[in-house]
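Read through the structures below before going on.
What follows is a pair of complexes built around chain A, which joins chain B in one and chain C in the other.
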Partner chain A sequence: MVLLAIKTIKRYAKIYLLLNKYQAMHYFTYRAGLYMGLVVDFGHSLVVIVFYQVLYSNIQEVAGWNYHEMIFLIGLNMLSSFVVLSSVVILNLNMLPEQIKDGKIDLTLTKPLNSLFYITLQRNYIVGYISMLPGFYLMYYGFSNLGYTLSLLNLLSGIVIFCSGYIIAYSILVMFASMSFRFINATTLARLGQRIILEFKMKPHQIFTGGLRILFMFIFPVIFMSSVPAEAIMQGVNVWYVLLSLALAAIFLFLTIKVWNFMIKEYTSAGG
Partner chain B sequence: MIFVTSSGNIGESYCFIVKKYFHLFKNRMQVNLEYRFDLAGYFFLELITVASFFVLWIAVYKDQDSVAGFDLGAIMAYYFLAPLIGALVTVELSNSLGVRIKDGFLSSLLIMPIKIWLLFIVNDLGRKFYPALVTIFFYALAGIGLYFLTDIEFDLNFQGIIFAFLFVVCGLFLGYALDLSLGFTAFWIDDIWGFKHLKYLAYSLLGGLSFPFEFLPENMQTVFNLLPFKYMYYLPLSYLLGNRTAESALSDLLGFVFWMIFAAILAAFLWKKGIKKYGAFGN
Partner chain C sequence: MPLLGSLAIFIAYAVFWGFIFQYRDEVKGYTYEHMITYFVFVKILEGVGNSMAAFKMSDHIHEGMLSNLLIKPLKIKAWLLTEDLGRVIFDGMIRIIIFLGILFFLFGEISFELSGVALFIVFVVLSYLLSFNISFIMACFSFWLDPSSIASMHFALRRIFHFLAGGVVPIVFFPEFSQEILKYLPFKYLINTPIDVLSGRIKGGEIGVALIILVVWIITLEIATHLFFKFSYKANEAVGI
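And then the complex of A and B:
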């Protein structure tokens, strides 16, 4: 049983690497697209940086987060945004409504592969991984001006929460996008999941109080993508958050598989 | 009706021209209406954006009463109304126009008895008609909700609304002229997909979508006020919220006329040069 699982994982990892090797070759062959992508991505990051720069030129802190803590959060947020957008959204989920409308999923369903894996993860937007590099610099710049000491435990707990946050974001995005099987050409549905994640994940989690805290901690737990891991790395580990993020990631992934399998039954091929 | 003029040229009556373009507008509108669930999605997208700004600014104003002269009510009104202005002024024809040029599909349009720039503008108006209606409906609902359920009051006046409408129309015209110029660059550039993003970035930073210009240092405000992007969000919002008065309207209108002429000449120049370079091949 274990051997079979390892063999399956190995097979999928090999397919994933091959698919992305071709994708990388494509991008480095047509470099104009690569450069345009970089300009656009840096521009998007610039908008966020300038917004908070302007905001902090008028105020001292937001929900207890000072300027340099916010810079660290913006850096980590850039990483999480580009990882999620590049691996799941741009070349996969964003294409799904049109593929369903045009009946292009047929070819995928005939392949001896898991449809969830192949449809949602088959292509990476390679440019995004280059675009996220300034995020590391922002994290370094913010952290080095704070006077905190970096501990391995804090870093590891931050990474664990970040990875759980990635799985949660993936699950939310896929659940929203899978509704395209039911509502044909509903391109905004896929964007709804994205919008919820991108708009709320970069805000300090302390700004969510009352009902909003429950909403963004349990129903759309986007705070585990940037704000909570940033706090864990800077100020120390909170075991409750680590355990909660792991549990939520498992629950959300399980739900996503169920929702996907249910929704894909709605697919009626070309002319749907 | 098609007729022959005294000089022997074949012409069209104005009525026929209007009918022709109105038909194209109606067709595009109907295409949008076919996928009604997508239209409903716009409502929720706007809701999420507005909610996210509200949450952030409520947190900011917990520690202070005023930021750059804006109190909480004023800043909430600014971000609340920004998507409404956006639904009316934003245009999206550079991408579709660019793809047509890049893939050679412009050829089929060139032989039609239509003005290509007008066709794309009419198409875009048709595309945005129902999403704009949905957004206006959402704002009407939200306005009623805010009036009856909360203490938040937006200080709107008739003069401000009239000027805001005037500058929305100006923004729309300028947006089309700039977008046409951007689309025509596809005669020389292959990767035109980024246009829409670059435009959004310009509107966000320089057009007042991310923050009102009052948040900037004075020298930056001067620079931002000289650029054409302020007609997209900042000016309509400023007039609507009473931050700008009738005295500044004339200079703003003169600025619009300058940028409009500049953008129209630029678009015409790019078209003239580009169409000579254009080639569509097949075998």
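And then the complex of A and C:
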């Protein structure tokens, strides 16, 4: 059983690397698209950075986060946004409604591969991985001006929460996008989940109180993508958050697989 | 669906600013109620400021429809304007119903001066013309760029223009020197100025100056789009059937 699982993982890893090797070759062959993509991503990131610059020129702190802590959060947020958008959203989930409408998905579903893997992860938006590099600099800049000491335990806990947050975001995005199998030509359905995640995850999690805290901690747990790991890295481990993020990642991934398989069964092709 | 996305963004802003105003009564002359009202009208005006002329032109060129339009007895720009206007009016009406409904639900009453409303409508019409012209200039790049590049350029520039228009935070929050620069650029007249006119933050002579700057920009961009289209069109190649 364990050997079979390892063999399956190795097979899918090999397929994943091969698919993305061809994707990278395509991008570096047609470089105009690469440069345009960088311009778009730069525009997005610039607006966020300038917004917080403008905000902090008027107030001293937001939810207990000072300017440099916010810069660190912005950097980590850039990382998490671009990782999710590049690996799952831009060339995979965003294309799904159109592929279903055109019938191209039928060919994909007949392949001897897990459909969830192939449809959601087959292509990477290479540009996004380049665009996220300034995020590392922002994290370095913010952290170096804070006077905190970076401990290995804090860093590891932050990485664990970040990875759990990625799985949660992947799950939410896939569940939204999978509704395209039921609601044909709802091209913006896939983007609705994206909007919710991107808008709410970049905010410090302390601003969500009462019902909103329950919503963004348990129902749309987007706080585990940026705000909570940023806090863990800067200020120390909260074991409760680490365990909760792992549990939620497992639950959401399980639900996603169930929802996806259900939606695939609901799908009726036009034939031809 | 795009409205649901707009709604999600609005809720995110409302929660964020709600938290900020928990610890202070006002920031730069804005109270919590003022800020929420501001963002309600930002969401309403987003429909107006979001001209799709660039996408339409790109589609027409790459699908070969442009040649078909050229033989018709109407100008391309007028065609795109009427196509876009229908969408904007419909989108605007739905946004007004939804977002004013939210405002009424939150604060119980909506009251503006009649003169402010009248001037707001004038500014909205003019800001749409401004937005359309900006989009048309981007549309002319379709003669050189493929649809995905046009989409990339449109999204990147739209995001920056939206920020400079006061779509993310009111212009009064910006540093003084940048406020002075933005006064003479067209962007703030897309969102921030119409809302300031409606809420009475700018009155009398300031409205006159804003109108003049806005009209000058519209005329400038009209001339620029005319010249740029003539220049760009020379790059057009159509395949006969």
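Some observations on this one:
Criterion: the second predicted complex is superposed on the first by the 269 of 272 C-alpha atoms of A that agree within 3 Å, B and C clash if a C-alpha of one lies under 4 Å from a C-alpha of the other, contacts with A are read in each partner's own complex, and residues count from 1 in each chain.
In this section, a residue touches a chain if its C-beta (ideal position, glycine included) is under 8 Å from a C-beta of that chain, and two chains touch if they have at least 3 such contacts.
The model shown is predicted, which means the values in this text are computed figures rather than measured ones.
Once the complexes are laid over each other on chain A, chain B and chain C cannot both fit and instead clash.
Touch criterion met: A:Val50 reaches chain B and chain C at once. Shared-chain residue A:Ala63: touches chain B and chain C both. Using the contact criterion defined above for the overlaid structures, shared-chain residue A:Gly33 touches chain B and also reaches chain C.
Shared-chain residue A:Thr188: touches chain B and chain C both. Contacts of A:Ile130 after superposition on the shared chain: neither chain B nor chain C is touched. In the superposition on chain A, A:Met263 contacts neither chain B nor chain C.
On chain A, the surface touched by chain B in one complex and the surface touched by chain C in the other have residues 32-33, 36-37, 39-40, 43-44, 46-47, 50-51, 54-55, 57-59, 62-63, 186-189, 191-192, 195-196, 199-200, 203, 206-208, 212 in common. Across the interface of their complex, chain B is touched by residues 32-33, 36-37, 39-40, 43-44, 46-47, 50-51, 54-55, 57-63, 183-189, 191-192, 195-196, 199-200, 203-204, 206-208, 212 of chain A.
The residues of chain B lying in touch with chain A in their complex are 35, 37-38, 40-42, 44-45, 48-49, 51-52, 55-56, 58-60, 62-64, 67-68, 189-191, 193-194, 197-198, 201, 204-205, 210-211, 215-217.
Residue ranges on chain A touching chain C, taken from their complex, read 32-33, 36-37, 39-40, 42-44, 46-47, 50-51, 54-55, 57-59, 62-63, 186-189, 191-192, 195-196, 199-200, 203, 206-209, 212. Contacts from chain C toward chain A in the complex involve residues 1-2, 4-5, 8-9, 12, 15-16, 19-20, 24, 27-28, 148-149, 152-153, 155-157, 159-160, 162-163, 168-169, 173-175.
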